[in-house]
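Okay, so subunit A shows up in both of these, paired with subunit B first and subunit C after.
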Partner chain A sequence: MTDGALLLQAAADSTRAYGEFPVIGARAFIWITAEVHLMFAAFVLGVPMFAVVTEAIGIFGGDERYDRLSKEFTRLLLVAYSATAIWGAMLVFGLSTLYPRFWAYLTAIFAPSMWAYAALFLVESFTLYLYYYGWDRWKKGRAKLGHWTLGILLNLWGTIVMFIANSWLTYMMSPPRDITPTTDPTTIKLWHAIANATWMPINVHRVIANVVFGGAIVGAYASYRFLAAQSDEERAHYDWMGYVGNFIAMSALIVLPFAGYWLGREIYQYDQSMGITMMGGFMSWLWVIQAFLIAVLFLTGNYYLWIGMGRIPGAERFRPYTKYLLIVLVLGAIVWGTPHTMIADSKELAAMGGSHHPFLGALGVMSAKNTAVNLMILTTFLSFLLYRRANTRPVVPWARGGTIIQGAMFALAAGVVLFYGIRGYFVEAIVRIGFSVYQVLAVLSCIVFVTVIDVLMARGAQSLGTIQWGKMPPRSQYALFILAVTFTWLMGLMGFARSGIRQYWHVWQVMQDTSKYAATPALGYASKMISLCVLIFLTLVAFVFWLGGLAEKSTFVASGERQGGGRHVGH
Partner chain B sequence: MWATNLKVVGIVLGTLALYTLIANKIPQVQSEVPQTLTLGANVTPEQLVAAGEKVFNGIGGCPTCHGLGTRAPNLLTDEKGTGPIGARCGKREAGKSCKQYLYESLDNPTAFVVTGYQPIMPVMTRQLSPEQIWSVIAFLESQGGTVDVTGDDVAKAKQLTPGASPANSGGSPGGGAFAAGSTDPKAIIQAAGCLACHKLDGQGQVIAPDLTHVGARRDAESIRKKILDPASSIAKGYEKLAGIMPKTFGTMMSAAQLEALVQYLAGHK
Partner chain C sequence: MTAPALRRSATHPFWQAVGILVIAYIVVVWVVPLLPGSAIVPKSVVLQYMVTVLVGVLIYVSDNEERWARFKEPIEAVLAEPRLRVVRAVLLVVVTALVGLVAYGQVATTVAAPPNLRSIHPAPPAEITFRGRSITLTGLENPLRAHPESLALYLAEGKGVYYRNCLPCHGDHLDGQGHFASGFNPLPANFQDNGTIAQLTESFVFWRVAKGGPGLPREGTPWNSAMPKWEDFLTEREIWSVILFLYDQTGWTPRTWEKTGTGDGGRGTGHD
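On to the complex of A and B.
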């Protein structure tokens, strides 16, 4: 036994393995602190991405509204950073006092990365202070570009910090296969532990998810300010802000399933039994709930867009089509939510008449679900396209041909998705899995090429009237709240899925959880914990927004006070 | 403004309540921690079946694949007109009783892969204790067949692998108890589960290098080193699998077993 192992053994012998937290218990305490910390972390990572992009639009597009919008959200980050750090500290104290042996194991492997994490968090915080407090000082010319660079650095530090933390939790899920229960943790090379099978898929998935989350929270903030607005002008400003937030959230959401697919595939490749536990084992019902939540997101996001078309002159041309889009979305949601691989005992199987439901079984397979979700993504993209075109009429000579090509691309993509969806029923599973790649490629290609054509076609387009920002019914703003709550709840649910598939292992098949909380709870209990975490987070975010309002005025500048900037036009 | 605030709070709480309600209305399945199973010599078939059903649906995780009809054959319901597993297990392999067939399927799942399915099943004897294995066999026999597992089967298995309880210890028996102390290379290969990844003499998987002619590529010293320290050399074309092979074989086998295995493989020119 090495010196390190002897020291650890001595520590293990003298240290209790688990502590207890009053009333709610150790697991619930760690669950809440980890989840709320993660939600704030997603907020302080997602919003700077939003801020730096909108600042860039302000700089390079010459529209000061975007610059003011960017500053308004950076202001909220100041308090949110403190909240992130506080919940992070609670989590670390919780782990070191309630799960001391497990924490000792993790620190034995990851200590250097933990030091780097703390140092980078410090650098990130000071970059944020410079970024915010230097906003008005570095406002023009090169100084403004320097300021924007600070925003980029802020995102860079934040992303590295997230990647480091991701390495710890992904190690718990997928430790390299040469590490066994008898491996002395002090002998494990740091990079070997960091670069585990699920690290990069989680990194990519979380970067995209943070953009979605940032956009959704921005949308909720704007909707509240819209509802509380005292004038039409202020209402118009926050209507526009809500649109931007929703646009970013929905755009990133369209890409998110592909990143999730990659993560799922890596989990299967790492350990087939873990993948099966996740998708077909005791967690199988979780995916039905997830399908329901994503259906809510797609339907609500599209609903917001369709209502928004009411404030766009010229949009009435496209309104008749929305009912067909709605039909596709609802049918897609129903298919996606169809259960298939449920755990069932012999009595339940006998009652069902076999391993699958005689009718629904055919809709519950991945061929049908992949087809459904890809068609839902295509439909949502079409909604965006119609919204974008609503108040313009292209004048380029090839406009008609371009529109026909776009239509053909949609038809081709939908055809490819349907073809492989149906073909999947007639081939082996191993072949069928490969079909989803073709479906995804068809949809992504359609999105990219149709967008390029649309941008070129919009050059010099004739305007059919100014968008009537602020002319939105209140129900549209409540839709943005539902989006924010659903995104946050979904984040909690997916966190439970990722963590829960380890079941009774702290570190999968390396370090077993022997505490009284080792059993992984059912979805009912998990949902209560998730709702509690979401409620805590949203309450604190509301407090942060209120504080932001106390400290400074909003970025809205009434026309009488405004020195520059135009009306709220364009997208 | 208060009316707006109340509406916002109502929307938020209502959405949370709806999601929580739906999640509580669906079937509730908790993932249990494996419990130590102790069965005496006088255990009855009914007790074995009852214990086996718990293992099957719990720690064994069997319904995850068996029962869906897509990943693995149905065991509790009919499989392509052959009935549930208890009714068909004795007819699957000529000369093998139902009990023998089921045990070997759990101990070496790649030996009897049913046509149309992939060899994805893990070696269950490395995950479950002898008590758990035999109780599952009894439960499977009870599905349309006759239970002939007895306390003797459990006792014999425990004698062969004293102290073995992989599900609880996470480790292996170790030392001379490995492969019941046998120095027969085939028994060692079977116990170590080499064929789960390697192919040898037409048997096993092709995930890792084929060992049929390993003696032509490596001498005895190189094979010994590879078993004791799998990372010491990686076969060309298998770089992506570096780190997959367990490092524990050296500590699991006795010196005599290791030497017998090394010489056996080195002889495969």
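On to the complex of A and C.
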């Protein structure tokens, strides 16, 4: 942007470009409303995905527990929808009164999409009302399938609404290159602005992340109800629900880093400066915190499974091996969290000859990080496999051979990951970047093929006993809480990284922020704001959970009422 | 302690946990610095590693009911059993003193400069002006490499430029250990390290040499870099030739630009 254009813009700003909000200021108000709105939006998008999948399992698998589980969550959605709308309204009022010039600019480009957004939100809300209130009426046969279709539509509307909102924020981040500060916004074609460089990567990343978030929230709700349960039967129901939530969250989490990698790559492709600011520049410390939090997710998810083995007859065969999995995860977490540029005092800096450690610095680069995270994903998958197999013994004649092949696949995948991880140190950067693709492909192939073999091998497997749902110590439930809190925190943190790399631009290199809040906040301040948003959201969610228990009694189904009462998830 | 008692302790989860933490601390604080070419591990990293190991240890002792019950035995005994009254009293004193010491260590004033949280990769602009002329950095290659027949000449020129201008800070070995180096914080860049020019495109190095400390971006300040703005003293060709010399002398290969297939010369992704 030329200095002349900047001056013109500054002059234009003198005519009420910005408003002010009492006490906390305009930026903090927008920050809190946008963040909490987004978290609720993730809730109302993630949970319906969960609900429609569990309803389908209930319909096609004939297990009524899934149907009741699905309904219980849809009930929570009604309140969560109101909260989403209220926070969304606060955000829009905030933008139009505190950032009127910027808001006018966005509406000049995106007005038709905003009308479509409002219309779809209306349709989505009424689909939800039909979905929930029609539950008991459309219960059997074709009517039930019709009801399930409503659930699918609910997800469809929600996803389109999210895609529309994503186009606005991605435009702010990566406006098409032919748009300059002097471009009249009314001349910008709507689709041209929507289909910007980071729109689709964010869409994909957020859809997967919403599945993870939905699962985690379900897990947290189940753990809350488990801890408050009065009877063993109720405990068994919520233990099972927590397991399902955790399973879905962890399964989707495994693919989430790949979507994130694509988004990161698109940001670099769009603007190298933006990419370096995010990953190597002053925002790089956020990634060390992110590494910590993701390590917490992996460790906690595995911990929950390992404790869960205590309630599965036959699991004692596998328990001695979990400590080796733990060692891999801890070493992976150490490597992943090792910063490239270390915080050190002057004496330590002098001893190291700079802020790179001469030995540990090797763990701070991409080759080491990719290797660590891929091995952690493989380890988590192995945990799931052991858990899944815990109370069965395969009877197919090729069971032994199949297990050996599975073991070989794990060894091969780990070998490929390690080979390219080490080789990455000896090749130039451009080749090294390509290696991560081979590592990811090795891990994904292993997951797919091992799962296929496992499903085939489980046919007619001998049962070693049924899972004793509910026989879980309370600390396992706190693990589920940790997962939900960590996911929420990560959303706030990474959302700040994505949004903060715009720095002092409302729209990157097109419209500058000339308000007194233009400076990018320091990381300490940002962390406090993010934590505050997480706290507000979780407090409100706790209220929603409490309402869920208040409105109706819990929906657990006593064993006599169940169809196929001996069924167990994942077995 | 007798051999059977030792064996009992070695299989007891509580003492296993203590043992793992002690061994991890010894490895991080004393063994890692002894490795060839290594150095002391900064306190911030020691803390980070120890917290990770502690979490791992807590997971180990509590992911199994029986192990968790055994792990808690000595803790509960110390807290409740009358025969361990003395141990309890000693622990009370030691823990209180330890907390006091840590608190004192946190608030006591020292003469040392506080640890600096500094980002090492400033983001380069897409375009710079060099003595009034615009240069696009994205996709830019070292123009001197287009004349392989004259490389020896350029290298000799670059060597001269380096020894006349860069030596006092970046050193004879290009390792950031020049005569003036100890006077700077941050230290001058060590070009032999695989984390500096080895990770960068030549256009990035050109930008850093041409614009120096004053040209560093606004975000991530204060940079405190003493690097001069060399465009005031060197010509464009001199800067490119000294860059050739840096890569030739250290043996590193400059980072190349990624080909996007769009025919625009490609863009760098800048990943590590």
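Going forward, the second predicted complex is superposed on the first by the 528 of 571 C-alpha atoms of A that agree within 3 Å, B and C clash if a C-alpha of one lies under 4 Å from a C-alpha of the other, contacts with A are read in each partner's own complex, and residues count from 1 in each chain.
Keep in mind that, in the parts below, contacts are C-beta pairs under 8 Å (C-beta built on N, C-alpha and C of every residue); 3 or more make two chains touch, one makes a residue touch a chain.
All of these numbers come straight from a predicted model, not from anything done at the bench.
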Practice prompt. Superpose on subunit A as described above, then tell me if subunit B and subunit C fit or clash.
Written response: clash
Discussion item. With both complexes superposed on chain A, which partner does A:R319 reach: first (subunit B), second (subunit C), both or neither?
Written reply: second
Worksheet item: Just subunit B (first), just subunit C (second), both, or neither: which does A:W285 touch?
Response: both
Discussion item. Under the stated touch criterion, which partner chain does A:V485 make contact with: subunit B (first), subunit C (second), both, or neither?
Written reply: first
Worksheet item: Who does A:Q512 touch here: subunit B (first), subunit C (second), both, or neither?
Response: first
Practice prompt. Check whether A:I307 is in contact with subunit B, with subunit C, with both or with neither, and answer first, second, both or neither.
Written response: second
Fill in: Partner chain in contact with A:A351 - subunit B first, subunit C second, else both or neither
second
Worksheet item: Counting only touches as set out at the top, which of subunit B and subunit C does A:W31 meet: first, second, both, neither?
Response: neither
Discussion item. Between subunit B and subunit C, whom does A:A526 touch in the aligned arrangement: first, second, both, or neither?
Written reply: first
Item to complete: Return first, second, both or neither, reflecting whether A:P176 touches subunit B, subunit C, both chains, or no partner chain.
Response: first
Discussion item. I need the one stretch of subunit B that runs into subunit C once the two models are overlaid. Options are 38-46, 74-82, 182-190 or 218-226.
Written reply: 74-82
Fill in: subunit A positions touched by subunit B in one structure and by subunit C in the second
272-273, 276-277, 280-282, 285, 341-346, 349-350, 354-356, 365, 429-430, 503, 520
Practice prompt. Flag every residue of subunit A that touches subunit B in the complex, lowest number first.
Written response: 176-178, 180-182, 224, 227-228, 272-273, 276-277, 280-282, 285, 288-289, 292-293, 341-346, 349-350, 354-356, 365, 429-430, 478, 481-482, 485-486, 489, 500, 503-504, 509, 512-513, 518-524, 526-528, 530-531, 534-535, 538
Response to the item:
Within their complex, subunit A touches subunit C through residues 265, 268-269, 271-277, 279-285, 295-296, 299, 302-303, 306-307, 310, 319, 322-323, 326-327, 329-330, 333-334, 337-361, 364-366, 428-430, 432-433, 473, 475, 503, 520
Worksheet item: So in the complex, which bits of subunit B are touching subunit A?
Response: 1, 4, 7-8, 11-13, 15-17, 19-20, 22-24, 26-34, 57, 61, 63-65, 67-71, 74, 76-78, 118, 120, 122, 143, 170-171, 230-231, 243-248
Practice prompt. Provide the residue numbers of subunit C that touch subunit A in the complex, in ascending order.
Written response: 32, 35, 37-45, 48-49, 52-53, 55-56, 59-60, 62-65, 68, 112-126, 138, 175-177, 182, 185-187, 189-190, 193-195, 199, 217, 219-220, 253, 255-258, 260, 267-272
